[in-house]
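Some notes on the structure that comes next.
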Amino acid sequence: MPYVNIKITREGATPAQKAKLIEGVTDLLVRVLDKSPATTFVVIDEVALEDWGIGGLPVEDYRRVMRADRGRVPMK
Amino acid sequence: MPYVNIKITREGATPAQKAKLIEGVTDLLVRVLDKSPATTFVVIDEVALEDWGIGGLPVEDYRRVMRADRGRVPMK
Amino acid sequence: MPYVNIKITREGATPAQKAKLIEGVTDLLVRVLDKSPATTFVVIDEVALEDWGIGGLPVEDYRRVMRADRGRVPMK
Amino acid sequence: MPYVNIKITREGATPAQKAKLIEGVTDLLVRVLDKSPATTFVVIDEVALEDWGIGGLPVEDYRRVMRADRGRVPMK
Amino acid sequence: MPYVNIKITREGATPAQKAKLIEGVTDLLVRVLDKSPATTFVVIDEVALEDWGIGGLPVEDYRRVMRADRGRVPMK
Amino acid sequence: MPYVNIKITREGATPAQKAKLIEGVTDLLVRVLDKSPATTFVVIDEVALEDWGIGGLPVEDYRRVMRADRGRVPMK
């Protein structure tokens, strides 16, 4: 009877994409640990960009720094 | 000093109902474990239906399937 | 289909007390929001005293300060 | 930069199975939402049976009831 | 690779204040445990006042009681 | 009345270091948002290395790959 919480930044994930996450992670628990889908909960939290920090910065600032300083593709 | 997090689907719980949850779970911790209400936190999260999965499906799809296939009362 | 997480300090809660918490919070959700017990999960986390802070101090230090400085009954 | 928390009952999941969960859920987030693996965290919590409740009962009691009363395969 | 979740009541924290929380807690983890900022996530949740309970009451009721009964400065 | 949860890999953080995390994050919330220490909870979770994933791998495998493939200092 697993409980899975998926936190992602709020950047336009559609209901169809969320349904794929729910299906995919439930299938994974069935496949790997033989869990029952009927007692597998998945809760998705979309977090506003200003509420997510990485590298000591809010996500948008972090991506800006990554692009400017290192020419890297910004992480999603 | 307990911390309790209650996650429910967002389906119209009123402030009065939430207050009952807060009171009820705090009383429970006092009664069972002699905890102090003053240091008991309760945080309620209402989760959009598209963000909650069970049985590998978003809640609304799951309820539809339950009703159609098995004639069961849909779970809340 | 609620999910409830109860965090308490690890101070000897017995399996019987935990069963009472599980029963009590499930009943509460049935009574207040008409939720289905079959899809109500409760997860209890016991947290070591050194891992719980309040008032800027680990719990045991906090209780010591409360007792010494204010003559208060230490909080549980 | 997703964060995923997987809670399962503590019933002998092996490091190899956990590695499959980590790999599988990361791949899922890459596939569905084009997330970067390098900033995808997965945290697995194994929860003792006495600390997990469903149907108002600790898991083991719940499984016993399910087997006795309904002849159902106990849920994992 | 720490993950930090900060839950506060929703009472007007600004993006600049949130950025200070993200920076401050990341610096703390670097300073105390020599963690890498690049793999330190901070997620801030603002919780509506009606969804946060303390002392068995929703926050606003609790503050009202504290002010009325004891003349205390309401807690934030 | 903030609640802060800090998750770190289990790699020998001492009680003194944990006390510094508790003090530091509480001070931060006082300084930035004028929160009351008396109603600020901090809960630290130490997570076994096999239970923490990044880059689709358990932490130790990830660090090994980082060292081997890129010559980078492994992330903590």
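In this document, chain identifiers A, B, C, D, E and F correspond to the written order of the chains, with residue numbering beginning at 1 in each.
Just so we're on the same page, a residue touches a chain if its C-beta (ideal position, glycine included) is under 8 Å from a C-beta of that chain, and two chains touch if they have at least 3 such contacts.
Small disclaimer: the values here were computed from a predicted structure and weren't measured.
S.K.: Tell me, which chains sit next to both chain C and chain F?
M.R.: Of all the chains present, those in contact with both chain C and chain F are B, D.
S.K.: For the interface formed by E-F, which of the candidate pairs C-F, A-E or B-C is equivalent, sharing more than half of the contact pairs by residue number?
M.R.: From the options C-F, A-E or B-C, the copy of E-F is B-C.
S.K.: Taking each chain's centre as the mean of its C-alpha atoms, which one ends up farthest from the centre of chain E?
M.R.: Checked the centroid distances; the maximum from chain E is D.
S.K.: If you list every residue number at the chain D and chain F contact, are more than half found on both copies (same) or fewer than half (different)?
M.R.: different
S.K.: For the identical-sequence pair chain C and chain D, what's the CA-based rotation angle in degrees, nearest 5?
M.R.: 120
S.K.: Could you grab the centroid distance between chain D and chain E? Build each centroid from C-alpha atoms only and quote it in angstrom.
M.R.: 28
S.K.: Report the inter-centroid distance (CA atoms only) between chain B and chain D in whole Å.
M.R.: 19
S.K.: In angstrom, rounded to a whole number, how far apart do the mean CA points of chain A and chain B lie?
M.R.: 22
S.K.: Would you mind listing the residues of chain A that make contact with two or more other chains?
M.R.: 1, 3, 7, 21, 25, 38-39, 41, 43, 52, 54
S.K.: Give every touching pair of chains, nothing left out.
M.R.: Pairs satisfying the touch definition: A-B, A-C, A-D, A-E, B-C, B-E, B-F, C-D, C-F, D-E, D-F, E-F.
S.K.: Could you please specify the touching residues of chain C with respect to chain F in the complex?
M.R.: 7, 47, 50-58, 61
S.K.: Would you tell me which residues of chain B are touching chain C in their complex?
M.R.: So the residues of chain B touching chain C come out as 1-9, 13, 17, 20-21, 24-25, 28-29, 31-36, 38-39, 52, 54, 59, 75-76.
S.K.: In the complex formed with chain B, which residues of chain A make contact?
M.R.: Touching chain B from chain A are residues 15, 18-19, 21-23, 25-27, 37-38, 40-46.
S.K.: Inside the complex, what are the residues of chain B that reach chain F?
M.R.: Touch residues, chain B against chain F: 1, 3, 39, 41, 43.
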